[in-house]
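The data blocks that follow each hold one structure.
In the two assemblies presented below, chain A is common to both, partnered first by chain B and then by chain C.
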Partner chain A sequence: MNKKRYFILLLLASLFLSSCRGILRIDQTKMMGRKGNNVKRIVCLNPDYEVLISTKDQTQKSYQKSASKESTFNKMLDRNARKNGIQLQIIDNEDLNKHDASFFNDLAPLKQELLQVSYLQNFDNVRNNTSKFRLGKVIGKHEQGPLISPRFSYLADIYGTPFFSINGIATHKKPKKGKLLLLLTIPPVGIASFFFQDVDTYYYTIIADVRSAEIIYREVRQVNLRATEANLNSLLYDSFHIISK
Partner chain B sequence: MNLLKILIGNKIWGLVFIVFLFSNKWSLGQVSVFMNNYTPIEIKGEIPEEYMKGILADAQIEIDVSDKALLNKDDEFITTTSFSIKEMFVSGNIYFNDTLSAYVQKVAKTVLLPNGLDQEIRVFVGRQPYPSANIWMDGTLIINVGLLALLENESQLAFVIAHEATHYVKKHPYEQYANSNELDAIQKRTLENLKSRINFSNQQELEADRKAIDMVRRAGYQPKEGVKVIDFLKAKRNTQVEFEEIPSLGLPVSTRFKCEENEYKYFKALYNEKIPYQKKTENLDIRYHNLTSQTMALGLGELNIFSQEEFDYIQAISGFEEVENAFRDANFYRSIYLSLKLLKSYPENSWLNCKLAENLFYIAQYSEMGNIDRLLVDFQKIEEEDYAALYCMFSKMQTEDIWFTAYGYIQKQFEKFGDKNETIGFLYPRLREISYGMEDAKSYYNTYLENFPGGKYNVYVKRKLNE
Partner chain C sequence: MRRLTLLTGFLFLTYSIFGQANTGFQGKRFILKTDLMAPLVDKGVDISTEYVIFRTVVVGAGFNFTGRDYKQKLESYKFRYGSYPEEKATLKDFQVYAVAKLFLNNAIPAPQGSYAFAQIHLGRADIKGNYYQVDNVNPENESLLSYSSENIRSRKFTAGFGYQEVLLNFITLDFDFGLTLGALNASEKFTINRQDFNFVHGGFGDRYGPNVYSFGEWGLNQGGIGLTVNLRVGILLF
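Right, the complex of A and B next:
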């Protein structure tokens, strides 16, 4: 094998290995796993897009980069939901006008509640579950999800659907570590590593059914890929496909 | 839950236990309009223009960063400030078009106008149930309900506003940012550096106190009241509850969970032994002494330019809002603690009693799930000894004990307010459903629907009944 072919093979191998690294964890109630679950319309509460940049000493949020990506992310959410037959009503604070004061009574507290409950409760706390484990992929099916306050149930009448979600992307750019060592030990991979950033992208979804006052679906994906439009579209499509099934 | 059923026969224990828990001599003033009920603030009307500025990304905030000597990273500073403010506004944690905001803005105008700052500083009230106020370099000043509930008169509020306004005039937030950016990575990690940063900030606090006295005097308020504000921040007022009464209630239930002084002081010590907090306490002492000497020879001003009654009304609302906001933050222990303090002044307030019941319900629910540790939001942050004692007591209780306490209290409130207070009207059937099953709870759920036809829980209850 000549040097050039050796280099290309190693480069492809390293790219393949890096692109395949990922984790998917889905927890859902049995209702979500059922065919024709009727999650056809979801109110999406102010989607988040966060760009985190780490240096050797600290991790900081890049507000400017985060803000610039938000509207594109919203469009991608909408497009991929529609492709899977789900109508997504995105409530974005950027679209609020002076008549939308009720946002602060209803939806902002609901979002806070969903985030809090996601921290305070696990799906496992509520009822026993049966989980399917696959390499890098965990799907847990549960009788019941984490409980939110039933005081939000009236929102089902106002918005014409009981399903409310939080969707978000977080990309984390990590400092380049050990690349010099890689260059010295496996030169082709070392060279290749200088061209690619070490980035983790996380996508998360939490869906609550305010009528039954529980979180019915929670998904976290982590891939070792940059948050390009193509990569995100594939994540979002797969996610909405699972939700719509 | 079986134990709960057995104990229900003795339900009065739970009630007595809670009601007498804080039987002490201290109480807040009373505002007669809140003796029987309270309705938490709901946002109404149009979103004000200055609030919209805080929400929309394309509404650029204006910060004067012309002083390049202070900082090279001015763009970064503006962006970080701008987005932090936006996040805060959009979170729903800032009030608008409400009684609290209107009052605070009125007092702020009285303070800021004679000092030429009324056009530059925008004052808002935040929902945080902690005594704090913050100003940003775009002139956004947020005073939290936790602080409003602690103050006693307009002069003290005027001092807080003037103090924060000085931080703005002197560009302290900007200097703080520059100061932390100048440190290199190794410095940032050292304890000495942490102390020096606290000292740097204390120099700014002392300067803000000094200038605030002048501003308050110019506005016609009483400058000596500033000393009391610092005193409150030292948590002296919070510890006026005679906490030694808590372990010596002599009631059967309370004796079981009695915490000795060394036990509950452990929770407070967690806070007090931290270096930044020790330093903060030392610094508050310095500020207290400086302010005392600076205001000693000063003449009297007006304690209130508007009226003490109006301030008392605002303070009472802030107290109720603190309880509500701590609950919203799932900080159930703090919400209970604040409720118990307010109940001294408003023992028959239905909203307050029912909110306490609701907090107990959620603590019991989380205890049942095995996740009670995650509710310890204030762990390592407790300054008040009576709060530490309450915390300690809950830490000793088993799930059955908490359910038992919650059940007794909820049932009693349901008997009193079940047809008036929507929360308790819903909570009691929910509790019966958990304890005895849906069949038993059905009639209670139906009663809820009859009493509250347009209630917030209606969709949930109807679904339950149709299941």
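Right, the complex of A and C next:
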């Protein structure tokens, strides 16, 4: 009976270890975290969809796959935002022509600024709060967000909202590796793991308030699941649900 | 039935309290499910409902009917005839159950992804089986007698892991795998030729509980310990 017990424990442990898990991290200002935060309309700057494929030797970006999935991603963003009562104005550079100078003069620099600031600055006390982040506690509220240049404040009047966002998906297809523990405990599942590709999907959102010149919301999610329509819908709906409060 | 009503009431109460705070799958939190393994393995029906009460927590309630046949491993019969009797015992079970699931993926909210679960079944069972009456003094008087026992208490507890996928934005496919402990109440009486005897599980109690593989009997209970697999299909209602 003892051998059977060890077998059962090993079986359950291997299932637990092989089960898909994910990471969700949200940093937002206290204003954003309040109920009725007034985020009803957001201008989304050129959503990104990246497909990265890794082999044993290198990682490459698949431009063809990325481009083909971008329009579907835009529709999903729009649909899930609407379901949560948010009006999303998506500005996609695929739909622009050479006369759309405002994108190149105003929005492209804003996107560049948001990415750079988000990379270089943290939310005010994010480092002090790190120890409080436990399983289930994934949302950090801060007094102030990373600061952007105030020169973009005029965009609030042009677009009728001070909220501008960057949204993106990145999927990373990793080389096929089998799961040895599964192979030893549940051979059919273990053998199957050698044939299925390991995929990580990342979703990120950065929202800035150009009037107060700060990033008010930043979110990153990582799941080791494929970017299927069901997975993305679930993920996007949840993200906009948190934003809309 | 009273327990089922209470469990359903509990679900609707939690809906009204927690309903608005959780995402679910695109706002849908209530799932109606049926287990495809029930008719295949247990010759029965299993219907349940589940509700997302927190971001990663799902609770549910359901009921199942089973009508499974068990080969009886009557050792005294085998000793006499060299094999176990061909006649099988039938166990008809009606149980209500409650389940709690903790989804392990924080980035995609319940009810999608992999989860750990615990499930408890409580019910009543009717057994029709065989009992080999041994007579060491006059072996020619030995005989295989049938017995029946009604309304005996049955319990099951399962804990394990599972994975749930949402298809076409409204169908759920839920596979789970766990360790089950089964128990039949041994204090009940059963009847042979209109006489009451203490309950005898008649060589199949070690297989009661798990639905795919039993490791054997556990403790002093008349029930088995083993592996259970379920494959449930459901509809996301609202």
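Keep this in mind: the second predicted complex is superposed on the first by the 201 of 245 C-alpha atoms of A that agree within 3 Å, B and C clash if a C-alpha of one lies under 4 Å from a C-alpha of the other, contacts with A are read in each partner's own complex, and residues count from 1 in each chain.
Just so it is clear, a residue touches a chain if its C-beta (ideal position, glycine included) is under 8 Å from a C-beta of that chain, and two chains touch if they have at least 3 such contacts.
Note that the structure is a prediction, hence the values are computed from the model and not measured.
> Is A:Gln116 touching the first partner chain B, the second partner chain C, both, or neither of them?
After superposition on chain A, A:Gln116 lies in contact with chain B alone.
> Check the residue A:Arg221 against both partner chains and state whether it touches chain B (first), chain C (second), both, or neither.
second
> With both complexes superposed on chain A, which partner does A:Leu147 reach: first (chain B), second (chain C), both or neither?
A:Leu147 sits against chain B, while chain C stays out of touch.
> Of the partners chain B and chain C, which touch A:Asn231 in the superposed model: first, second, both, neither?
In the superposed model, A:Asn231 contacts chain C only, not chain B.
> Tell me which partner A:Val210 touches in the superposition: chain B (first), chain C (second), both or neither.
The first partner, chain B, only.
> By the touch definition at the top of the document, which applies to A:Thr59: first (chain B), second (chain C), both, or neither?
neither
> By the touch definition at the top of the document, which applies to A:Gln87: first (chain B), second (chain C), both, or neither?
A:Gln87 sits against neither chain B nor chain C.
> Decide which partner touches more residues of chain A, taking chain B and chain C as the two options.
Looking at chain B versus chain C, the one contacting more residues of chain A is B.
> Can you tell me which positions in chain A touch chain C when the two form their complex?
1, 4, 8, 12, 15-16, 19-24, 80, 83, 135-136, 138, 203, 221-223, 225, 229-231, 233-235, 237-238, 241
> Could you please specify the touching residues of chain A with respect to chain B in the complex?
46, 56-57, 63-64, 66-67, 70, 93-94, 96-105, 108-109, 112, 116, 119-122, 125-126, 147, 150-154, 156-157, 162, 210-213
> List the residues on chain B that touch chain A in their complex, please.
Per the stated touch rule, the residues are 42-49, 52, 55-57, 79-80, 82-83, 86, 90-92, 96-97, 185, 188, 328-330, 365-366, 369-371, 374-375, 423, 426, 430, 455-461, 463.
> Which bits of chain C are touching chain A when the two form their complex?
Residues of chain C touching chain A: 23, 25-27, 55-56, 104-109, 112-116, 160-161, 163, 165-169, 177-179, 215-216, 227.
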